[in-house]
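Every chain is named by a letter (A, B, C, D and E) in the order it is written, and numbering of its residues begins at 1.
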Amino acid sequence: MAKIKRYLPRRPKSTNALHQAPGTVSYVGRKEQVETSLEVIDYNAENFERFSSKTPEDAFKFEAEDRTTWININGLSNTAEIEKVGKHFELHPLIIEDIVNTNQRPKIDDYQDYYYVVAKMLYYKEDGQLENEHISMVLGKDYVLTFQESGGDVFDGVRERLAKAKGRIRSRGADYLVFALLDAIVDNYFAVVEEMSDKIEALEEQLFNSQPNNHTTFEIQELKKTMLRIRRAVFPLREVVGRLEKSKSGLIQAETTDYIRDLQDHMIQVSENIEIYREMTWGLMDMYMTTISNKMNEVMKVLTIMASIFIPLTFLAGIYGMNFEYMPELEYRYSYPILLGSMFLLLLGMLYYFKRKHWL
Amino acid sequence: MAKIKRYLPRRPKSTNALHQAPGTVSYVGRKEQVETSLEVIDYNAENFERFSSKTPEDAFKFEAEDRTTWININGLSNTAEIEKVGKHFELHPLIIEDIVNTNQRPKIDDYQDYYYVVAKMLYYKEDGQLENEHISMVLGKDYVLTFQESGGDVFDGVRERLAKAKGRIRSRGADYLVFALLDAIVDNYFAVVEEMSDKIEALEEQLFNSQPNNHTTFEIQELKKTMLRIRRAVFPLREVVGRLEKSKSGLIQAETTDYIRDLQDHMIQVSENIEIYREMTWGLMDMYMTTISNKMNEVMKVLTIMASIFIPLTFLAGIYGMNFEYMPELEYRYSYPILLGSMFLLLLGMLYYFKRKHWL
Amino acid sequence: MAKIKRYLPRRPKSTNALHQAPGTVSYVGRKEQVETSLEVIDYNAENFERFSSKTPEDAFKFEAEDRTTWININGLSNTAEIEKVGKHFELHPLIIEDIVNTNQRPKIDDYQDYYYVVAKMLYYKEDGQLENEHISMVLGKDYVLTFQESGGDVFDGVRERLAKAKGRIRSRGADYLVFALLDAIVDNYFAVVEEMSDKIEALEEQLFNSQPNNHTTFEIQELKKTMLRIRRAVFPLREVVGRLEKSKSGLIQAETTDYIRDLQDHMIQVSENIEIYREMTWGLMDMYMTTISNKMNEVMKVLTIMASIFIPLTFLAGIYGMNFEYMPELEYRYSYPILLGSMFLLLLGMLYYFKRKHWL
Amino acid sequence: MAKIKRYLPRRPKSTNALHQAPGTVSYVGRKEQVETSLEVIDYNAENFERFSSKTPEDAFKFEAEDRTTWININGLSNTAEIEKVGKHFELHPLIIEDIVNTNQRPKIDDYQDYYYVVAKMLYYKEDGQLENEHISMVLGKDYVLTFQESGGDVFDGVRERLAKAKGRIRSRGADYLVFALLDAIVDNYFAVVEEMSDKIEALEEQLFNSQPNNHTTFEIQELKKTMLRIRRAVFPLREVVGRLEKSKSGLIQAETTDYIRDLQDHMIQVSENIEIYREMTWGLMDMYMTTISNKMNEVMKVLTIMASIFIPLTFLAGIYGMNFEYMPELEYRYSYPILLGSMFLLLLGMLYYFKRKHWL
Amino acid sequence: MAKIKRYLPRRPKSTNALHQAPGTVSYVGRKEQVETSLEVIDYNAENFERFSSKTPEDAFKFEAEDRTTWININGLSNTAEIEKVGKHFELHPLIIEDIVNTNQRPKIDDYQDYYYVVAKMLYYKEDGQLENEHISMVLGKDYVLTFQESGGDVFDGVRERLAKAKGRIRSRGADYLVFALLDAIVDNYFAVVEEMSDKIEALEEQLFNSQPNNHTTFEIQELKKTMLRIRRAVFPLREVVGRLEKSKSGLIQAETTDYIRDLQDHMIQVSENIEIYREMTWGLMDMYMTTISNKMNEVMKVLTIMASIFIPLTFLAGIYGMNFEYMPELEYRYSYPILLGSMFLLLLGMLYYFKRKHWL
């Protein structure tokens, strides 16, 4: 463990960014930017078309009547292209700002004609770091726009089901598609929480085997931070889903509401799991403290036993090392073996005493 | 205590399951599956019939007019059979999914024509592990469906009362039956919380007798986890019962509401007990910490007393072990007995000092 | 302190009780049962009659027009007699069940024609244990029924005031009587909380005089449990009184509401006191921890001072106890007194050093 | 610090008081009672009259038309006089009871024709104890009654402003007077919280200079208790002021509401300060714990350094103090200086080692 | 670190201030007062004028039709000038009081014709102290008044955008200006929370490298206090923004509401960050405790190893330092080398033992 890692996302520090006008569209995200690309899926119960493009203009040509259109935009660095999409669908300027502001927390905004939803994808990267990806969705009458920061594969399952006309997904409208996408995100939360639980278990086992090292406390602190980040991503989404469920707007059909209620159930379940793991993580610190104290107790016992046995014996030897002229025992023939014997008995007595005290 | 056990239920990890379409019916439960079987009880105030079957088709033949029909399905692994039952009673597909998803938390869904209720049976297995069984109920106009994961005996008391026409149970309808089944589950919670309390008491006694071992902290942590699991099963059910009580739907008769309110009382009582035991479990950790500290104090006292007494005496012996040529005391005849006497007095003084400090 | 005592009430464990039909009347209480007896007080502003009986039938004869009748039943073990009372006043079967179920938490049930109220009497027994007595009340149009588990003397003050026509009590109806009875119970809570506070103070003084023993942590834990029990009895009653105050039913007269609001004030006051003592009890554990640590510090200081002074001196003595042939100091005439003097100076220096460090 | 002081107010313990009828007027306060006296201030925008009296009868003669009358009663021990006042203004008997019950918590009661308000004055006495004075107010159409336990000087500022016609106070009615009185009380809370903060700071500095004594933990506990007492006085008043602000009754004029809202702001501010100091007080305990641990670390380091240096050296000296006949080094001429030199080098090495470990 | 600094703002202590009439305008702020000065900006989509003045009278001349007027007053010490402004705009006297009372917490007051908003600017001064500046705003139909305590540069960005007609700001009215000013303040909170996070990280690294000093606990306590101050400034503003968003008054245009909702999002985000850093700060104390304990463990291990190895060896040397006449080993030729060898083996054994225990 070389260096403590930083987890919490930051708003940009530069004075420039701080004094920017609200509504200014500027990408606030990772250095290693993903190039912006578009993918259009256009479907209804009978038809299914899929199309990739680099520019939004190509994508817009593709829209057809009587179909649900799903446009997925990967990479948020090219703000110009994203603004073009926004203009085409007549999105509010603040939405465009939020799409590229990766620090935006999960929320839902109701703009009469469409819903704007922000969610967070969570996954563990290969280096064991928790990655937090910013995802925006716009749900319109017969279209869905999704904006992904780095184009992960979380929506692949949904694409496949659309392509293979598996399940109910093709015969339902845009609202069901948004549900399916959110469901894919929430399913992923379970996997992340799962991994969290594995880490807690690993630390517990390490403590159980009494092999904590000096960095255990920092690993626990890291765990706490990760937990807080997950909560931050998950908890606001609960409200988002709740508001979708209670939506009176015509955008959500009555039968989709049943599915959203089910999704809400899953959200509550994942939240409950997080709270439980949270309590366990906090408990780890207590366990660590008692483990340290137990180890210190052990150290102290060794010291006390060694000192208690040999200090008195050394004193006895010291007595007969004195140089007084008149010490009758010194001349007595059996003094030495008698003393050695007494010392041995004393030693046994001590050992018995410590044994009875359960120190040995 | 060989290995730390895992308690928290998991959603399946496989990518497959994660990308499944919502509404897909797949059993998520124990390896050692219980074979699916059905039992039908059909009764009114005068009549009572009981019938077992392997297939739902046989069961459906059995339904009669003017009677309440209770169909109990044991074992959730055979999803095909369960889907048949669902189709027969026109259940929503999401209900079928929840019936076999053993991770589903307690909830109630109101589908106008019927209620869908999820609850959790808790019991301690022979190996001391807390078992968490998934139970679903459907309450219709004149029927009740129950789905049990492993077919325990918790409903036996209700069956017996039905058979013997004991109490009010036979003359009331399906709503009272659901109340009776929930009441049986809640009664069981008291037994589980009771056992929890016994474990806390056992740990307290262990600490009281100052015989904690290095694993006590882990036993307390296990207790905490079990507590969290019990809460997880019990607390959402409180809301379920509360919503049954306030139900305006015609499915719950006015006079049954009084009984459900009573059940609600029991739920609150068991919840309060859980909270109290929870506080006590958290208190155990503090007690453990102070017990460790007290033990360390004891160890330190032994060390301090031994060292404080014998180190100065050894010093005195060391003085007269020096080889200076001009040490008048060495030649004096009574030096040795005088020194021994002084040492003895010093020893007594020390003991008196430690006695007064209450260290002995 | 011989054995840790159990405080929390239990629901019966026997499988039998668990599978009983709801509404079954079975007494769940103390072994040493109090024999059931009845006392009837019948009064209005002018008249007052008092009458004791062993059977309810005798009591019922006694009811008169234009008067308020208070029937007090002591002892809940004779469920048959209690059922007779219930039948006579047409009480709901669930009420009878709750009257004899001593684990029932405080609550109020509104059955149009009458209110059913459960409260808990708290008092310390001679052996220092907190006793928790189950009390039920039924408030009807012109009668009040009270059911006491063991017939304590808490209502004696009310009886006396009724007999002596003291205060407003005789000229008001049944609702004021229920208020007066609840007021007597709540007044008693103040005494119990008072005693609690004395115990906290005693422990504080014990810690203050630095004389905690190994069982102090368990005494604090006991205090915590008692606190939790008191809360359990008091807090739900707050809601009960609150609902009485807001009652729209004709059973509570407008002018009695003022008194009930005052009672509500007292409930809040006792609850606040409980919360304050609770915080103080939790604070005790922290104080205990610091007291232990301070004691350990003291022990360590004694050890460190003794060892730091005498180990170097012993080393010096050891130097001149060596048997080298060529050690010029040994032959020098004033070596011995010079060494003794140096040792003494070293001792003084050490003492000064520890003095300055405030260790002495 | 001679004795731990008791802070929490008590309800009387005597069985007598416990069994008193509700509504019985009995003074529950300090031993050293203040004699009851009255002061009447009668004013409008043009006129101002002030009058002192020993009996209420004299005071009542004084009331004039078109003026606001403020009657201040000091000392609550003479309950008869207070009952006379109550009768004259037709106050509810429960109000009289609450006026003399100094344990009554802050509250507001709305009796259509008048408001009854209870508040608590807090101030530090000369002996450093926090004094808690019970203050009652009655706000009628054109009169204000105030009842003070011990007649402090908190209302002097208001009197002065009335006398000098300073500010808006004379031209407004009774409702503004009550606002001004409450404002005076709340202003005082800031001073008390201020003093609290000084005490926390003093303790922090004591800990910072590493000079905690064994009683520091008790001083922190006292601080906690005082904090809890202040909260108890302040928090319920927030609700009182809030209800005054939202009052629909004609007793509060619309323009006074603005002032009361401002007062509400101050209440929230003082509450927030209390919560902050509370967190800091709780933090003190943690700081104390770490300070103790740091001190113990220091003690242990001294012991470890002394023992680690001199125990090995003593061993070396012991080796050459042995009496074997064949120990060639003993006869070698430079053995002694070589050994002394080696010992010195060992000492330097040890010191260097401890230096590098930052123990010195 | 010389002295613990005081952070929490205080209300004035002087008896004088305490007994002042409410509504009295007196500046409660810093000693080093900023001289009061005014700046007027008058703009609409086409025009922009800027004007500085020392007296309000000059400023008022400047107001033009069809334009939005922003008057910024720097320095609150000259209360007379501020009262003039208040009179000109017909502000309620309580507002003037709040403008100069720098302890006033963030709030919004709705006076039909205008809104009064209080907010807090936070920034770190060069000496590392967190500065808390009191800012008031009045939003009228076509004017905005802002009152700054010390005239910082936080609004410079807004001024610049107004001057350069950048963004939407010039074409919108006074409500958008207030939004822009609040947005500037909230943006600054992110920078402050950022700096907070850096401090936490620095402390974590210090602990991670096991180099806490005795003052670490005080630095953590300071961090806690700063955190509490930030919360105090930020959390009430959340409610302020929330009430602006829900405002039904004509002062806020519908399209500005979208921007305010976005600001509300930022408020929630900064609040969440604060809560997360708060948890981490509290976690630091735990980490510090475990770090101390780990260090003590290390010290104890050194002591135990040194003592356990050399005390037995010294005892052995003591044995052969005894002066008994009959000790056969003394005369045996190879006794000395054999003993030295045995001692060396014992030493190795000990080292191996401690190695296996992971103490070395």
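FYI, a residue touches a chain if its C-beta (ideal position, glycine included) is under 8 Å from a C-beta of that chain, and two chains touch if they have at least 3 such contacts.
As the structure is a prediction and not an experimental result, all values here were calculated from the model.
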Rounded Å distance between chain C and chain D, as computed from the means of their C-alpha atoms: 27
List the centre-to-centre spacing of chain A and chain D in whole Å, with centres computed as mean CA coordinates. 43
If a residue has to touch 2 or more other chains to count, which residues of chain B qualify? 289, 293, 296, 300, 303, 307, 311, 314, 318, 321-323, 327
What kind of graph do the touching chains make: line, ring, star, complete, other? ring
Please report the chains around the ring in sequence, anchored at chain A, with chain B in second place. A, B, C, D, E
Touching chain E in the complex, chain A uses residues 4, 6, 8, 10-11, 13, 18-24, 92, 94, 97-98, 103-105, 107, 109, 211, 214-215, 217-218, 221, 224-225, 228, 232, 285, 288-289, 292-293, 295-296, 299-300, 302-303, 306-307, 310-311, 313-314, 317-318, 320-323, 327, 329-331, 333-336, 339-340
Footprint of chain D on chain C - complex, ascending: 156-157, 160-161, 166-169, 179-180, 183-184, 187-188, 190-191, 194, 197, 201, 204-205, 207-208, 210, 258-259, 261-263, 265, 268-269, 272-273, 276-277, 279-280, 283, 286-287, 289-291, 293-294, 296-297, 300-301, 303-304, 307-308, 311-312, 314-315, 318-319, 321-327, 358-359
